[in-house]
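Working notes for the structure below.
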Amino acid sequence: QDLTFWSWRQEDRAAYEQFIDTFEAANPGITVKFETFEATNYNTILSTALAGGTGPDVMMVRAYGGLENVAVAGYLEELTTESVPALAEFAAPAIAAESVRADGKLYAVPFASQTQLVIYNSKIFADNGIEEPQTWDDLMAASQKLKDAGIIPFANGTATAWQNETVTFGLGSSLMGKDFYDELMAGTTDFTDERFTGALASVNALAQDYFPDGFIGLDYPSAQQLFSSGMAAMFVGGSYELATFKTQNPDIEMGVFAAPGETAEDAKLVGLYFDGGYAANAAGANKEAAIKFLNYLASPEFGQAFANTLNNISTIPGVTFDNPLLAEVNELNQSSIPYLMLAHFRYGEPSGSVLIQAEMQKLFSGETTPEAIGEALTTGLAAWYEPFKS
Amino acid sequence: MSAATTSYYDRKGILGTLGRDGLLQIILIANTIFMLAPIVIMVFSAFKTTPQIFQSPFGIPDFTQVQNFIKIWSETNFLRYLANSFVVTGASMVLILTLGTMAAYAIGRYAFTGANFILMFFLAGLTLPLKLAIIPLFMLMRDLSILNNQLSLIFVYTAMGLPSTVFIMTGFIRTLPNELEDAARMDGASEARIMWSIMLPLVRPAMVIAGIQNVVPIWNDFFFPLVFIQNDNLKTLPQGLTTFMGEYTTDWGVLFSGLTLSAAPIIIIYIVLSRQFIAGMTSGAVK
Amino acid sequence: MAAVILRGAGWDGETTVAQLSLRGIKKRFRDTAVLHGIDLEIGDREFVVFVGPSGCGKSTLLRLIAGLDPITEGEFVLNGTRMNDVAPSRRGIAMVFQSYALYPHMNVYENMAFGARLMGLEKPEVERRIAETAAMLRLEPLLKRKPRELSGGQRQRVAIGRALVRKPDVFLLDEPLSNLDAALRSEVRLEIAKLHREIGGTMIYVTHDQVEAMTLADKIVVMNNGRIEQVGSPRDLYETPANTFVATFIGSPRMALVDVTRDGNRLVVANGGALAPGALPAAETLKLGLRPDAVHLSRGQGSEGLSARVEYTEYLGDNAYVYVRLVDGTLLSARTTPNDLYAPDEAVTVSLTPGAAHYFSAEDGRRLNP
Amino acid sequence: MAAVILRGAGWDGETTVAQLSLRGIKKRFRDTAVLHGIDLEIGDREFVVFVGPSGCGKSTLLRLIAGLDPITEGEFVLNGTRMNDVAPSRRGIAMVFQSYALYPHMNVYENMAFGARLMGLEKPEVERRIAETAAMLRLEPLLKRKPRELSGGQRQRVAIGRALVRKPDVFLLDEPLSNLDAALRSEVRLEIAKLHREIGGTMIYVTHDQVEAMTLADKIVVMNNGRIEQVGSPRDLYETPANTFVATFIGSPRMALVDVTRDGNRLVVANGGALAPGALPAAETLKLGLRPDAVHLSRGQGSEGLSARVEYTEYLGDNAYVYVRLVDGTLLSARTTPNDLYAPDEAVTVSLTPGAAHYFSAEDGRRLNP
Amino acid sequence: MPQFRMTGRGLWITALIVPPLCFVALFIVYPIISAFAYAFFDWQGLKRLDFVGFENFHTVLFVEPYRSWTLNAFKNNIIVFFALMVLQNGLGFILAYALWRELPGARFHRIAVFLPVVLSTIIVAYLFKLFYHPLFGVVNISLKSIGLGEWAQPWLGQSGTALWSIIVAQAWHMVGFPTLVFLAGMQRIPSEILDAVRMETESEWVKISKIVWPLVAPSATIVFTLLFVGAFNWFELPYIMGGLDGSPFGSTDVLGLYFYRTAFGNVSSGQQDFGLGSALAVLIFIFIAAIAAVITTRLRAREIQL
């Protein structure tokens, strides 16, 4: 039986081929063909193929709203603990990320969680005698010190729209605080909340001073390059960056920390979300083999290999992290709030991400205020987000 | 210079002429530099490492540093992609120019009822956002059983290229003098012969233009191959390379050598054919 | 079944017939009516010359015969077959265009070979014909040139050559020699006459050159304003023009028309004297037509004849013409010898060469028989 | 300071001078040498006509004078100023192109107004001039038409009109009347002559029409193969052609050349008889040039004179020409009256009109004085 | 033009027209019409729900935030169109004129002008992104080196400069095309006509405006229409340089991007909605097709046979 397996992770091709070899060795008679597509067009291609009835047997799908797009139309095979027993062990948020909200049905095996935090160049920190900051002021002071030393404190640029969201929540989660998140979810507050707008103001102040000159015109790959080449000391980003930086510069030594809150007492929160999952085609010809393959993809054995080779936080319970950095990220994950817009506000249009990305770009170019952003987000989301409709 | 004392045709004319041509010459030279510089930078960058690109974008690289190319060469099916691109682009261009010229000729040379309507139909084809139609198109290809087949690309490209080709060629064909057609008709030429031997040679520039207008997007397109072609052996150059370059998103050196490699065949062909190209352009004199 | 026209069979010894009838042909361009009803029979092997003022519709008529423009009304019949809807290439007609219409992308040789090859001729035959034609038209050194590298006259010769090579049944020539020098023109003219004798095709020829018209034509068709004024042999037209238009159009310098009234058997010009030319038509007032040869000048103020003043003299080498103005303002020309020149403003007396006068109706210009 | 040429001042009464000198002018198109050294002086207000066989370089020379093509070698001097590098529009020259070169997107009125407006003329003045010119050239009903809706002759008139409207100092006309009918042609010819008298601009005129050349020119320049063969008044050229080329080129029908050897004061044609024309040049063998008027025919085989056979006859209305072939193959033409026609193949005897023969060197064709 | 009624002509014209028509009908018109039908349905992700008539059209035109997005993208397209009209077509005309004069080196210049045209949009986009790089970009580096450091900008990061920066890249890329078309048009002007005008004026301006320009009307029609269609279908370059969102905050958003991300979603921020996307596509199409038809017919009327 031949399975086709589609993915947008072009950079992970070699690793996946290895995993597949393992699977094929264990399951004679099943062969898996791994095909990758350019990430930005993956949605289009997958939608087209599914709609055209020639989709792959197994595929990577997005999480949250991105999953619903595909799942609601009935293209995906529903997964249960019967068909994939290992799923029973998965953490609830991970399962939720790959389920449709309306009926709670699960459609994919979650494969990785990502954490928004601050990555730093530990050699530069050491050379300049800087410690992981405990308060926002520490962070500012450390940045100033780096700047004085002629080092770019933060590598980030915001020309690439989605980086704005990363920067906002990578830096601002602790400033917003868990209470804000809970109240927001409970519907007792909205984005005009001062905790939120205050956080935005702080992030903006930091960016204006310690992001590279002209950071609003700096695109994502250049920002990565600035960090990995050692020209900048810190990078606000996802845990997925770690692997990239290592590839770009194998010699780089990195550390991670959660951006601090106002005071040392404030909980240091990272933004956490689930990246995507593996799903089976409801109309696939080899569904049985596909489920078998999904079972493999949900197995701890795979999770371990996944974590080891791809340097990513597998969602499979029980996976341990050889890589100290990953272990540290895993540690930080214990104190987190969800990556807000992705996890909760991408179910309708305009999505929270669309709004925050554009509004932050405005803020960074001085064309709006944090308060106005709060207003814009709340009214914008009110278009489809029930709790804000009032 | 005092114009009052300069006699009417002593010098003013000469200077005037020189000045004008001089200005045009300066425009041309400036433009040429501006046109070529980015391409030179691209080629240079292909031989550099990423930090080198950032630090000295204009620097002349060490041309023996071909590891970027080697990487592409060894990790992709480069020659196969190249061959596929040639097949797809070549076949599409042949179809586009043949069919496009046919339609344009009919519309441009014969006054028949509906000519204008047909032209508008093609013009509408020019304005349609074909990306939207990707799903129906995909199903169509599936029903024709040419998914994962280069025919699907060739057909889509041909259909995409026809509107602009018809549009461009009609404009040129329309303005050819009737008397040549009359003369050929008197010479006993059939309609087909008039078209082939008399009119078409005179619209070679239009064909060149239509060709250029279409060959580049087709050569560089990766959207349709992405959707229609999954078999690695059938992938075209841009598709093959973007898939590959996805793995090197931040390695500008490799990126540029990929770009250089995918642009090189068409640039080389262009330069090699530039003589014919220019000859084709100048063959349009109708009198 | 309708007769099949063998294109270009003529030259190769086969006898083909090419008899043309134009019946009530009209042509309109959108709202401009150009031809108002042309009726004309052209016999096989006839050499017909169309003359007429610029813009009178000669080229248009040729294009209708060729089939290049649709006939608005009327019928064109070739050898008994209605041709209105037959494609130009199937009519067995070749045409030399007034504006040459050479193929700009082909050299001279290719221009000439194009039509011939299309007739299905073998390559050697085409080469032979081109060599022959090129020699006749002095085109040999130019065979490899493109049209734009040729002078006007050279282009015109290529255009003629292109048609000649095809040896068609019917040959339409639209002012084919207008850009040639006199010497070459008379040579090519002779060649065309010879060709016509040898090939025997039917020729329709448009020209503004009187010498060409007079020497080549079996039949001259005088057109004016989209209508035929007169059809006849050169001699007919010259000697018995049907009306004042033809009379003044044919012959150079042109015939002068003098308004006269009849007084017995004398013709009186207002305040200007009188003439007694002999037999006269019946009308009271009429137009007297005088060609240069009909006018006899004598110096000074004579008692009989018309008094006039010399305006200017044209020297033409073998002839000279004196232009004199009558008292009523009419300009007459008289032939004289190059050595017998008159001074401007000299007073002269005009008398008539007997029997050389023409008479036309004062009302509608028709010829009146004396 | 060099004289300032006010473009188009002529007509408005100011006296401007336009004196042209061509000095050793050569022209090459890549590797084709077209003009091989032209030296010519053209005086102010002169009317110069260029004639010569097709392709001899007349249009090319005009283009050099106009400044449209660069002069390969030599100098063109206008009123003492070297003009080689002066822009065409600054030379005060207007040109009528052989191929008309009308602006296809402008109607007739706009075509004529374009240059005039560019000269800085006021709109009413331009309108006045166009009205005047259009009347003269019979263009009034066509003013709103686009060139492609005009007949050949109409286009040519527009081209002339466009140049006339500008009233330039120097006027170049390249076969401006070749597509007009005889009647219109002689009318326009007269208008041009009149214009020239009135405006006084310098005119340079290319034509293939002998009548035009003879009647219009103050000075005719005969060109051949990129060289000037002779410059002179029409009468000079006709009566004392410098060489056989000019002799045969000027005059229609062309002068016949008979190879003769001298035997005392008789000229003997090989096997064909002898003539005794009177005073003779010194050379032993020479070419005898005979124009139609110099040839006298008598029917039958005479004792004195050359025996010949009639080939054919051309009827021209007022004249007729008989073409006869001598024993050595030379074709002679003789003028006869339209009523005195000879039958083909009739035997005739050729004798000479006294004093009408021309003599040329048998070696280089130069004229020999008797 | 010859009339249609002559024998066999109809068949011949049919033979010429039908195959290309079939291609376009089958591979463009038919799929597009099927896709246009999406516009009349409500969608949830990839799932088609009820027929909703013109509701989607109403939404994209009149309901916030779509309304302002639509207007913003449309406004940007208009800027792009007029800017390219000047930068691309205007410059193209001047370049064509200069090349046409056959000045020394014209051959080389000709090759150079057209070279960028053969490059892919990706290459152009990447190159110019590098040029506009706020830290290492040659634009800023050059400005600093000539003492205009304060003019250095994060070109692609500010709403004021981002769109223009992309427009310049586009003009660089495609200026060769109008040049080519105009040059081809100029070369068809009979030389006698140019001679005639040289006799009357040496003013380059008169020559260009009164003779050359009217006589290259067919080229102008082609270039204008294609530019119009191209400007309102603009996608690749802003997509690569500004991103699918029209970063920063919609200042480089154009209808092409907007429609695409509405229909197919944006991985990093947005949802997929075929209904709204198709409604947009239909509106864009109607707009472009209507205006293009008007432009073409009006411009075609100026054309004359040589």
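The chains carry the letters A, B, C, D and E, assigned in the order they are written, with residues numbered from 1 in each.
What we mean here is this: a residue touches a chain if its C-beta (ideal position, glycine included) is under 8 Å from a C-beta of that chain, and two chains touch if they have at least 3 such contacts.
From a predicted model like this one, the values you see are computed outputs, not experimental measurements.
Graph distance from chain A to chain B, where chains that touch are one step apart, equals 1. The angle of the rotation carrying chain C onto chain D, fitted on C-alpha atoms and rounded to the nearest 5, is 180°.
Set side by side, B-E and D-E show the greater C-beta contact count at B-E. Chain centres here are Cα averages; for chain B and chain C they lie 55 Å apart. For the pair chain A and chain E, the distance between mean C-alpha positions equals 37 Å. If you average the CA atoms of chain B and of chain D, the two centres end up 54 Å from each other.
Chain centres here are Cα means. That of chain C falls 22 Å from that of chain D.
Counting only residues that touch two or more partner chains, chain A has 39, 44, 47, 51. Touching two or more other chains at once are residues 68, 87, 99, 148 of chain C. Residue positions 13, 16-17, 54, 135, 177, 242, 252, 285-287 of chain B each touch two or more of the other chains. Remark: chain D residues 63, 66-68, 87-90, 93-95, 97, 99-105, 114-115, 118, 146, 148, 162, 166 touch chain E in the complex. Of all residues in chain B, only 50-51, 54, 134-135, 138-139, 142, 147, 222-223, 226-227, 230, 242-244, 246-247, 249-252 touch chain A in the complex they form.
Those residues of chain D that touch chain C in the complex are listed here as 29, 51-55, 59, 98-99, 149-154, 156-157, 175, 178-186, 208-211, 214-215, 234-235, 238, 248-254, 291-293, 314-318, 335, 338.
Across the complex, chain E meets chain D through its residues 190, 192-193, 195-203, 206, 210-211, 214-215, 217, 302, 304-306. If you check the complex, the residues on chain A that touch chain B are 4, 10-11, 13, 35-39, 41, 44-45, 47-49, 51-54, 221, 224-225, 228-229, 244, 248.
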